[in-house]
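Shared between the two complexes below is chain A, which has chain B as its partner in the first and chain C in the second.
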Partner chain A sequence: MKKQYAFLVDSERCIGCFTCAMACRNYYHQEEGVVWRQVYPLSEEIYPHRERAFLSLACNHCEDPACLNVCPVNAYTKREEDGVVVHHQEKCIGCGNCIRSCPYGAPKYNPVEKRAEKCSFCHERLDAGLKPACVQSCPTKALQLVDLAEMQQTNQVQYPAGYPKMEKLNPSTRFILPKTPKMVRR
Partner chain B sequence: MQSMEFPLVLFTVLSQAAIGLTLMRAVRTTSGGEEAAGRTEWLLIAGLMVAGLLGSLFHLGHPLSAPMALTHLGTAWLSREVLFAGLFMGVAALAVVAGNVAGKPALAWLGTALGLGVILSAGMTYAPPALPALNNALPAAFFLTSAVLLGAGFGSWFADEGLRPLMVRIFTGAVVVGLVLYLVAPCVWLSGGEVMRMTGQAWLASGFYWAHLGVLAVALAVAWKTRDIPAWLPVLVLIGELVGRAGFFADTVHTAANMGGLY
Partner chain C sequence: MASKKLLSRRRFLQGVTAATAASMLPCRLLVPGTAQAAGFDQNEFQVFRNACPRNCYDTCSIKTYVKDGVIQFIEGAPESTYTDGGLCVKGYSYTRRPYSPDRIKYPMVQDGRRTGKWRRVSWDEAMDRIAGKIMELKERDGSLLGLGMTKYSGNFGITNYGVEGLMSSLGYTTRFVGTPCWPAGIDAQNYDLGNMWCNDPEDMVKARYVIIWGANPAWCSVHSMKYIMEAKRRGAKILVIDPVFTQTAAKGDVFWQPKTASDGALALGMARHILDKGLVDRAFVENNAQGFEEFAAYLRENVTVEWAAEQSGIPAEEIREVAEEFAQADPATIWIGYGMQRHTNGGASVRSIDALVAMTGNVGKEGGGARYGHLQTWGFNYNAFIQKQPEGSVGFTGPAAKGEFDLTEGRQASYSDRTVNINKTAQAILDTKDPAIRMLWVSCKNPFAQDFDRPKLEKAFDTLEMVVSVEQFFTETVANSDIVLPVTTLFEEWTVNASYWHYWLSINEQAIKPLHEAKSNLEIGAALSRKMNELAPGSCTLPTEIDTREWTAKEFNQGIYDLFGINDWTDLKNGPVKAKLASSAAWHDMKFGTPSGKYEFRSDLCAEHGHKALPEFKKGRESYDKFRLLTPHTKFGIHSQFVNLDWMKEYNKEPFVYMHPKAAAGKGINDLDMVRVFNKVGEQKARVKLTDNVTEDCLLIYEAWFGKGTTFNVQNLVDDESADMGAYKAGAPGVAIHDQFADIERA
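Up next is the complex of A and B:
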């Protein structure tokens, strides 16, 4: 398997603090209302406990990205060397087709630039040997950078409840599910 | 609720009216007659297409870069839609400019073939995986129905007396198909996955949806009662299709709206 960088989201460790989302915003200074990384609380139908559980999501850097396939102006490329899906904003004409097509809502519309934009996996930081801003900032190490080609297959899942199952796209993000809390009886 | 995407509403409905008119022109010229009014009809076809294409530009963040949308024909259905729409526009313009070719059935059939290319590629463009309710053949079916309905409606303006009953039959058939499609689709969605069910509920609670169905019902009643298509009826149907298309864009639920919930 070729190198494919991915986010590993450990929902057992995630405390829903939004530090990852804030780090992303601080690093890229996005416009008002534009959010590349979002923290979604799992609904009670999925995790019915007093302790809540979360999915921290940005772009999934899919193997067969919908955004790349539908873009009429070739504004998306998938890097050969690490599988990162990059949006080239200078090419974007702001048609919104990627926003409508991505099942994970990763591309967002920038109302100032009048073009789409999305998580770039901080590829400029990766190229400099650094971790993405969101991964580096996570206080509980709930968000990690992994290479799917080298990752040991243990308890990670690709499609947890609360996350659209899109097998054709083959999103790279992997999840560790939150454990059920222990009941302590006296 | 998402945006009603007014520029896309204008483009899709007006282009489908133009394509439907071309199809009906091809049907009528093949059935005999119609040579005389050809140029006027092509003028309406070209006018509708120009209005639709101009309207679509308002959807783009950078309208001046619109020609760049032709650069990803390999996988992007939107690129293919732009290509087919451009070629269709070229045929319509040719028929208007060269008046002596306006009545040729071959030109109408060529326009129809390119127009069906527009409808198919538009159907694929608006059937992305992010919209489970529409990630199928329904958008193409909706668009084709609109094209035939509007084409037969406006085509009745140009049909001579002998061919008016044919236009009425096609128009009535398209209204019935439209009513069945639009009534059945949300009901089927109610038994689908969570986002599909949410879409079904949103459509059934939408004023756009019921206004569209109301117009279709009126069109059916008028066509059935009068056995004709009064001149005002295609205009009413056009308004109904515009309203229905606004609902198509505004009321269809995106998978991202339910992130963290059950799918």
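Up next is the complex of A and C:
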């Protein structure tokens, strides 16, 4: 298998602190309302307590990205060397095809630029041997950078409950599911 | 081309010249379609050292990347094993803070409090008004006791004690002393151990059993969570005790949800079972403690596990199991949170928990400990703090309480400052006479978001003749002020920061020039001193020119250098350093700071101060309304700070009331309904979220101030009832923040 960088989201370690989300904003200064990385609380059907288990999600850097396939002006490339899906905003014409096509909602509309944008995996940091800003920020190492070609298969899942199953796209993000403690209540 | 477009969308730079902004993007978001983006290059930036000065366990060490005088981004210092390259959600929003469009940019005067009719004045005019008022008070009262200062933990940078220094340099004034935060527990630990001193949090990885009792580090100390998780990975059991199913509880092995304020009973029940099972550490209680046999007799006569179960709602079987596991684990530790001592029986409860840790021999042990906090690394000179009053100053002659940092020992003076209880700010303003508090100086504090009984506070402020606020944003306190002075953010001044939890020390460099007309607290002091001396030579002893770098340097001494193993304070520019500890355990040498020099199960000093000598059970406050009301911290802010920033609002848009679905059903309340929470203090509206994270008899609202366009404030619902302890070490008792009650209905 070719090298494919991916985010490993360990919901067992995740404390829902939103540090990753703000670390992204700290680094890229997105416009108001434009969120590249969001922390989503799992619904009570999936985790039995409200707002106590989370998935931290950004772009999945899919094997076969919908955004890339629908873009009429080739504003997307998938990097050969590590599978990172890059959006080139200077080529973007703001047609919105990628935004409508991505089932995971990764590309966002920038109302000021009138173009799309999305998580870049901090590829310029990767190229300098650094971790993405969100990964570096995580205080519990719940968000990690992994290479799917090398990752040991243990307890990760690709499609946790509530996460769209899009096998054709083959999203790269992997998940570890949260556990509940023993509860002793009065 | 692209860079120009980018420039136009960086609205956060309003106020910074376009030329400066031209190369401000930290990354290379826009890359040619065919070519590779250039890698990140650190050499493009100037890198500065900063340190988060907020009232938070973590006191993170920050690396700030600056280009063309503008902060591009920040990250955690990799040198500190504690921050380990990261910050928290609040910390990462700092990049926005200095450039926020909501920032107060220059001195302003309000024509009529709460009118919002603000107009810009020069620093000279602002100082002229303030100095004039101070002179008038002195003339009228014959002293400056009519000038009150309320300051707390909005900025813990050491040089910010220059606010107290400014007051002293004017004369003897009225000080709001005490702390709303942790005083009951501080006193409790002082009675038991002789000081508040905690193990290095990093040594929690060595614990075999961890009880987190009334603390929520997943939100309030995110960097501590990795040590708890590592302890768990190594086989330790993690028990979280809290009336709320917190985010920390969700990460533990076991969660106990006892009745609020029943912590003392629970600890004593466990203690009794440990006693019965013969699991007491005999060597410790015989060699290193005083009064254990009396404590044991108290337990045998007054406490049973069944009684503890009844008091707390935790089944007796559970209490027995955990007590045995805790006593047999070696080492075992308890993190005592500040939440659980904010009760009318809070100090007594902390003493019971201390006793539980001590009787199992876990005090003075690496990986063990009754962890609460410490000030071991706060041995600064307090050069900014200690200032001399002008010749002939008249002050207070009665018994004055000393605050948290009493450095006056050995200084002889016929007068002192007058002190009032910071936890009863409104009442103190209303009650103080001869002279009344006529003028108030507010800095590092937002009383309207933080002090209790806000309706009463408004009435109290209305009796003041002049209120000066030193602030960064238009808070409610500013709305209730006459003059606001813009103060620097951490990036715009020099200072130094230590933690009350971990053992790292960080320098805070000036990374950018102050924006707009902001000045540091010290520079504001110098500006006022200039004006005072211009109007009446010798009326203020503070220097009239202050360089925050020089004053930071003056805070260091050989003791700090030796403790941290550095030769000079400038060594800290290479990164934070950790104290060289003989052991990671507090009290490792078993030399306790108590009168007996031992751990005191029986504290005669505690009895002298009006409490029980033994850690006996004390009942909580009687309910005064239908539901228990809890107003703990949110993860998105520290008290009223951060929540107002637009960056933070991306992830935290509005406040909620959390309520159990069964209780809601009884009231006809549905999820996300707008509700009104009300009690004898006041009322507050918000939308409701139904959740079993709280019990049926509990309402929970996270404390925070949401900034402009909202009147949301939990202090509309919190009275100023005192906790049992705090006067001994903090100068005034703590406050029973979590002993509040309220009712609710659909709004």
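Please note the rule applied: the second predicted complex is superposed on the first by the 180 of 186 C-alpha atoms of A that agree within 3 Å, B and C clash if a C-alpha of one lies under 4 Å from a C-alpha of the other, contacts with A are read in each partner's own complex, and residues count from 1 in each chain.
The rule we apply is simple: contacts are C-beta pairs under 8 Å (C-beta built on N, C-alpha and C of every residue); 3 or more make two chains touch, one makes a residue touch a chain.
On a predicted model such as this, the values are computed, not experimentally measured, just so you know.
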| item | value |
| --- | --- |
| Room on chain A for both chain B and chain C (clash or fit) | fit |
| First, second, both or neither for A:Val86, with chain B first and chain C second | second |
| Touched partner set for A:Leu8, first chain B, second chain C, both or neither | neither |
| Superposed model, chain A: greater residue contact from chain B or chain C | C |
| Contacts of A:Val146 with chain B and chain C, given as first, second, both or neither | neither |
| First, second, both or neither for A:Cys59, with chain B first and chain C second | neither |
| Touched partner set for A:Asn97, first chain B, second chain C, both or neither | first |
| First, second, both or neither for A:Ile176, with chain B first and chain C second | neither |
| Which superposed partner A:Gly105 touches (first chain B, second chain C, both, neither) | first |
| Which superposed partner A:Glu113 touches (first chain B, second chain C, both, neither) | both |
| Nearest-approach distance, in Å, of chain C Cα atoms to those of chain B in the combined model | 13 |
| Residues of chain A that lie at the interface with chain B and also at the interface with chain C | 38, 74, 91, 113 |
| Chain A contact footprint on chain B (complex, rising order) | 59-62, 65-66, 68-72, 75-79, 82, 125-126, 128-131, 195, 254-257, 259-263 |
| Chain A residues touching chain C - in the complex, by the definition given at the top | 13, 15-19, 21-23, 25-29, 31-33, 35, 38-39, 49-53, 74-75, 77, 86, 88-91, 110, 112-113, 117, 120, 122-125, 127-128, 130, 133, 136-141, 178, 180-186 |
| Complex contact set, residues of chain A against chain B | 38, 40-43, 45-46, 54-55, 57, 66, 68-74, 91-97, 100-105, 109, 113-115, 161-166, 168-169 |
| Contact footprint of chain A on chain C as seen in their complex | 1-2, 5, 8-12, 25-33, 36-42, 73-76, 84-96, 218-219, 222-223, 225-226, 229, 240, 245, 247-259, 312-315, 318, 635-636, 646-648, 650-651, 689-693, 695 |
